[in-house]
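See structure below.
Each chain carries a letter (A, B, C, D and E) given by its place in the written order, and its residues are counted from 1.
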Amino acid sequence: MLRLNNVEVVYSDVVLSVRGVSLAVSRGQSVALLGANGAGKSTTLKAISGLIHGQYGKVASGSVEFEGKSLVGMAPDEVVASGVSHVMEGRRVLRHMTVDQNISVGGHRLASKGEMLRRKEWVYELVPQLKDLRSRVSGYLSGGEQQMLLISRSLMSEPKLMLIDEPSLGLAPQMVEAIYTLLSRCRAEGTAMLIVEQNASAVLQVADYGYVMEGGRIVLEGAGEELALNDDVREFYLGVDTSGERKSFREVKHYRRRKRWLG
Amino acid sequence: MIDFLNYAVLGILTGQLYAIVAMGFVVIYRASRVFNFAQGELIVLGGFIVWTFVMVFKLHPVIGALLSILAGALVGILIERLFFRRLVGRSVFAMVMVTIGMIILLRGVMLILWGAHERQFPAIFPLEPVIIGEIFIPSPLLASGFLSVVAALALHHFFNRSRAGLALSAVSEDHEVAQSMGISVRKSMALAWALGVSLSIVGAMTYLSGKTLTYNAAEIGFAALPIALLAGLESIRGLLLGGAIIGLIQGLTSAYIDPIFGGQASAIVPYLFMLGVLLIRPTGMFGWKIIERV
Amino acid sequence: MDPAGRFSKTYSADVALVRTRPQAVALVLTLIALLVFAFMGSPRMLSVLTSIFTAAIIAVGLQVTTGFAGQVNLGQAAFAGVGAYCTAFLAQRFSVPFYLVIPLSGFAAAGFGWIFGMAAVRIRGFYLALTTIAAQALFPFVILNLPSNWLGGSSGLTVPPATLGSWRLTSERDLYLMALVVGIVMVAGAFGIVRGRHGRAFLAVRDDELAAGMTGIAVARTKAMAFFVGAFYAGVGGALIAYQLRLVNTEGFTLFQSIWFIAMVIVGGLGSIVGGIVGAAAIRGVQEILSTIGPTLAGLLPLLGNSFVFAAMNVFLGGVIVAFLIYEPDGLMRRWSILKSQYRRWPFPR
Amino acid sequence: MSSGLLGAAVPGQLLQVEAVGLRFGGIAALQNVTMQVNRGELLALIGPNGAGKSSLINCISGFYRPTSGRVTYQGEDITGRAVHHVARRGVVRTFQGTQLFGSLTVAESLLVAREQRFSYGLASAFFWTPRTRVQESREREAVEEIIEFLQIEPYRHQKVGTLAYGLRKRVDLGRALALEPELLMLDEPMAGMNVEEKEDLARFIVDVRETRGTSMLLIEHDMGVVMDLADRVAVLQYGKKIADGTPKDVQNDPIVIAAYLGAHP
Amino acid sequence: QKTYNVASLGDYSGPFASIYPPVEDARRAVIEWWNKEVGAKSQVTLKMKTYDTRYDVAQTASLWPGIKSELQPIAILGLGGSDFAALQTRLPDDKIPLTAANGAYGFAWKADPWAFLSRPTYAHETGAFVNWMSERLNRPVKFVTVSSEASAGFADMAKGIQTYARENPTKAQLIETVFTDLQPSDLTLQMRRVTAANPDVIVVLGTMGQVIATKRALQTLGKKIPVLVSSHNGLATLGPVLGGMAAVEGDYEAHATALATAEASDAHAFYEMLQKNYGLKAAWNGFTIMGLAQTVYTVRAIERAQQKAGNAAITGADVRAALLAGPFRSSDLFGLAPDLEFTSQAPFPTTSAKVNIGTVKDGKFVSVAQGVPVPTVSKW
């Protein structure tokens, strides 16, 4: 359904931050994209949804195909029209609008007003916490509340493929669970997902397949449970040492073995 | 007393005329965060378009007026095509600057198309005043009062009730997010400019009806500014009140202060009043508050 | 600029204004060139450059207020006007020598600017930008309505030429040199200000007022300061204008002038001193070129008619600005910095 | 910072929050919250989303003015003081959604935080006097220490705006450290980091406490981090404090489990 | 055969772009006429080159040095205020005279001038008219003047007129100065107030926009009060813009250049000659006359300079000397202007100045008084 073929992304003709990434998401599949900070995950997502143009980025080479047609150079709204929705990092809510208006805007592409209302109700019942916030001005919401809003908003536009940048960021444990049960629900309903996530333990529960990015390259990939068993992933993303014990943050060694993956 | 009433009424109505012009600013700003400095030139352009339809093609003023408004919409779309299309997602600064470039560009184009000499502007509204009791009201002013109210209510509904309006608001908040919601920023901007220019045409008609058409008309763009700020750049209904207040103040100043003062106090009173209000309410009477949150 | 692999070895080197030898050499050469030009250039060229330098000074000031501190200011021309009137007043009434008048005019304008800086503490963004227009409305109003024996009212004030001993600075060359020297000082100063604590505070306030405050920056003071500095530059520029025209009146300092200064800053690239200069040169340059070829064209193609030719010049000017913004929306300096970092990374591709 | 070391030696109250309430129209973000931070300790503040954690920090840092109650720091009432005063007093915070100076380089951003250590004025900057140069390079050096400490040397001269999210978080911390705080308030410093990076950051926090004895107020949703680093944990829900105690107690407190931790912590 | 340059400063894209083209055309035609019929005899040719100053002081100032070095003109044909503001102070150094035919401004009023105006200040002209009117009414004339502070020039006119009124209480009684915009949206409010004191005339020397707003306001209020306008929006132009001469019936025009009346006159004859032989296209109106008058007295001055200095080496200084030297008879100027006698006291004729007054009678623009002397107004 979605296929990236060694994509390279350059910012302002200078910073090469994605160096030949190839990945694929097939229909109804949910794929995790792990990786350290600055690995280029968000950039990859932006490259797919076309939102890099706004930041002087462009796909320098390689191909991005969604259901057979190329997304490269397509305007972001056209990309959305073809069924791909992108939840950006950094809590980009429409700050002056109420939660409810935000949700409505999310449903911009829906056929009719009735359709919109039905969809809204569905979202509100999925995320009951939002119901009470309906009439709040979204700019004033707490970090986590905004995060919830973003996810819910993206659910409005019944996408075929969701690109989600760090859904669990800043969420309290039980919210994280809630969100992920929600995502697995969507997956069950056949929505494909490409999830960028730092909270590996959470994402690997719903992921059919996973990639690990490092320095702009894919350095490791495999089925969800495979990755969960990979020692390096366990140490650096799940935070359990080889013996399966969770390491204490207080006893972190000053000169630890740093893993740098060979791409 | 009757004098005072006259001054008050005329002042308020003149304020409504400015309000229409200000609406041109606000609609464009409200929908794309672009503040259009070329508003004044658009008024002049509007004037020339109406003039051409009515004086050159010899159409009946009303028909000419309606056609001009359509033409205005087309001009708006053209402007978006030529200038703003490629600037989507770029800094607002650049876009605002483009409007400044447009000032000079439009001026040049109009000079070439229509030349520089003064023209008689057709009387779209009858030259005879409307006389209510002892109050003499020039019909263009009365018309502007009426039109501003109609336009304001219609636009208010459009922006706050309709889905398209909601989309425009989204665009004005954040181009990127809007796009990621599948809203076409380009279409929205085109719509905004179409509305903006059409309004300028209405403004031009009420402003110039039965008077003369010269490039000085561009001045009104900045005369209308205090009203837009007073109301708050996002508020459309606010313009009615803003226009009324500024118009009243300006009218009374020119009636009672100027003669004593022996200068054009009426020219800066609006600015001073606006400054005062903004110092108390930094985003005008009805503008969006600045959201501060960490 | 540093090619790949060259880094400052000491902290003092890292904070130095002129970081590398190439920079220094380039700088010196340019200055020499400009100096020599004073004695080679035609009067027209000299006067064009003079007006460019003058505009550059004012634009650099605007860079500080708008480009660095992010406080959009559409009153820069009015501030310049205050400077010009101050010059006329001091030079005419008290025949103060120009090397004192110029800085004093700067401070006069700076004071005026400070007031608007105060407004900026509460009013922000577009609202601020548009309220600064009030400065443009206020300035002529005050001048015209003050008793005309104070500031000349509607007839303006004449300015005696600047004199050094017996040397009357009236010729193109004199004015050029005057503008050049003042310009060099002001630009150097600007670099100092923006590289130092103030410049950083300005940028911090521009990027995120809240964070700036919570990082210990006194936001209100910083904003007022930004206007103070910007207006100071405007005032100095105004002083030069006064000495060039030798007659100041309200006509020369209109909103439209302010808009031109903003245009320069943006064309040059916001947040860069050099950008201010480049922008001034670019815009004034184009203006002057057009106003020079206009008459010639009109002479060559009489059948087109002057009206057409000169109108076309406007279309062209507007067109150039618009086209530029569409293809280089963040100004010339951005392109420059891209080239620079590409050069830095050389020989690596990108 | 020497005082900080002393403080580490002599435990005692550093910051008191007394019956603080905060309302926004109908919304009660905080309802008489009372708590304290002792010298040298690390107090973790947890709670569901929208519980009022950030609001509390905002009240302390002077960004919000509490509608009731007061905040005292070292016995001095700092309720509703201007933010920059509070910061200069040594009460420094980092931001939940990193609020950085996008167009400054990493080094410059940290230099901004050194503001009050400069004494030269406009004129001195205008002429770039020796005075200016001395102070500039002095502070530049001080900042470099922090850069090394946080291991962001490679990005020294990169614009913060172009850094990836995780690195921004570090710069945010660095900026706070550059102010040489006595009380450091961290609002979800580890959000959006993988375990490896969390460990790095944890190490920084531990080191700062060891070397500088800085007291800390930490908001974090990762219970692992909280349990390991915190000396004491306070729990907020719907703007009320529902628990306050050692990590162990809190972790096993049924109310907290119900309100926050969910089924399996 | 010697060729001299004359610089022509025009406004193609500024506030006076609307009036400039005919002025330009007139200048050109006169120069061509002079070359053919006068210059030819004495082997002197004048070449004119036009520059767009946009009526902008800064623009003029930066253009001038180039013009000077490129063209080395012996005279400059200026359009008005901005040219004076920009060049006045430096011409003494450059030794080139500037000439214009618009009403003079207060700020131009300096002793020992290098910049000349064939007309006295607007205050003088208005004064002349008011005096004339008060003689016919034999009582002080009650009048209102409309002006604007949007431009220093207009504010200056207002000040001058106030000064005149103050100094001639027996002749004039200024009810009020109404300040408004360059293009007022509506003046009903103001007119209602000032007409309450029923004035004899309303003096509007500003923009055409102001004149028309005034007329409309009077119409709205149903008041019939004559309006006095000046050459730059003369009745001949105003009528059509208002939709017919009937609209300006009974209004006045007064200034120290020929009136654009249809009646036969030397000026009109000269104009027709230029039309016939020198391709003058501009219509017979105030602007054209301004251009003609300005250029004619300038070439006459050059003529005299040439007689003095010989055709080999005429300098700007010679031309200025000629201008100051002695009276130019109205006849030499084809009645485009009255006798001109410049003194070193002012840049415009103070003693010799005479004003022509015209009005519209039964739809025709006719002259009602010629050569009305101007009052003495002290400098304001």
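Note that in this section a contact is a pair of C-beta atoms (placed from the backbone, for glycine too) under 8 Å apart; a residue touches a chain by one contact, two chains touch by 3 or more.
This is a predicted model, so every value here is computed, not measured.
Enquirer: Leave out chain B only, then trace which of the remaining chains are still linked through touching and list those groups.
Expert: One piece, even once chain B is excluded.
Enquirer: Taking each chain's centre as the mean of its CA atoms, which one is most distant from chain A?
Expert: E
Enquirer: Report the chain whose CA-based centre is farthest from the CA-based centre of chain B.
Expert: The most distant chain relative to chain B turns out to be D.
Enquirer: Could you tell me the distance, in whole angstrom, between the mean C-alpha positions of chain B and chain D?
Expert: That pair's centroid distance is 48 Å.
Enquirer: Approximately how many whole Å separate the CA-defined centres of chain A and chain E?
Expert: 74
Enquirer: So, what's the distance in Å between the C-alpha centres of chain E and chain B?
Expert: Comparing mean C-alpha positions, chain E is 36 Å from chain B.
Enquirer: Provide the list of chain C residues touching at least two other chains, using ranges where the numbers run on.
Expert: 141, 144-145, 210-211, 214, 307, 310-311, 313-314
Enquirer: Two or more other chains touching the same residue: where does that happen in chain E?
Expert: Within chain E, residues 12-13, 21, 149 contact more than one other chain.
Enquirer: Touching at least two other chains at once: which residues of chain A meet that condition?
Expert: If we look for residues of chain A contacting two or more partner chains, we find 15, 140.
Enquirer: Give every touching pair of chains, nothing left out.
Expert: Contact pairs between chains: A-B, A-C, A-D, B-C, B-D, B-E, C-D, C-E.
Enquirer: In the complex, go through chain B and note every residue touching chain A.
Expert: Result: residues 89, 163, 166-167, 169-170, 173-186, 288-289, 291, 293 of chain B touch chain A.
Enquirer: Report the residues of chain C in contact with chain A in the complex, numbered from low to high.
Expert: Contacts found on chain C: 338, 341-342, 345, 350.
Enquirer: For the complex, give me every residue of chain D touching chain C.
Expert: Chain D reaches chain C through residues 61, 63, 82-84, 86-88, 92-93, 95, 99-104, 108-109, 111-113, 115-116, 118, 120, 122, 125-128, 132-133, 136-138, 140-141, 144, 175, 179.
Enquirer: Give the list of chain B residues in touch with chain E in this complex.
Expert: So the residues of chain B in touch with chain E come to 3, 6-7, 10-11, 14, 17-18, 107-108, 111, 116-120, 127, 129, 136-138, 140-141, 207, 210-212, 214-217, 219-220, 223, 251, 254-255, 258-259, 262-264, 266-267.
Enquirer: Would you pull the chain C residues touching chain E in the complex into a rising list?
Expert: Against chain E, the touching part of chain C is residues 42-44, 46-48, 50-51, 140-141, 144-145, 148, 152-156, 158-159, 170-172, 241, 244-247, 249-252, 257, 287-288, 291-292, 294-295, 298-299, 306-307, 310-311, 313-314.
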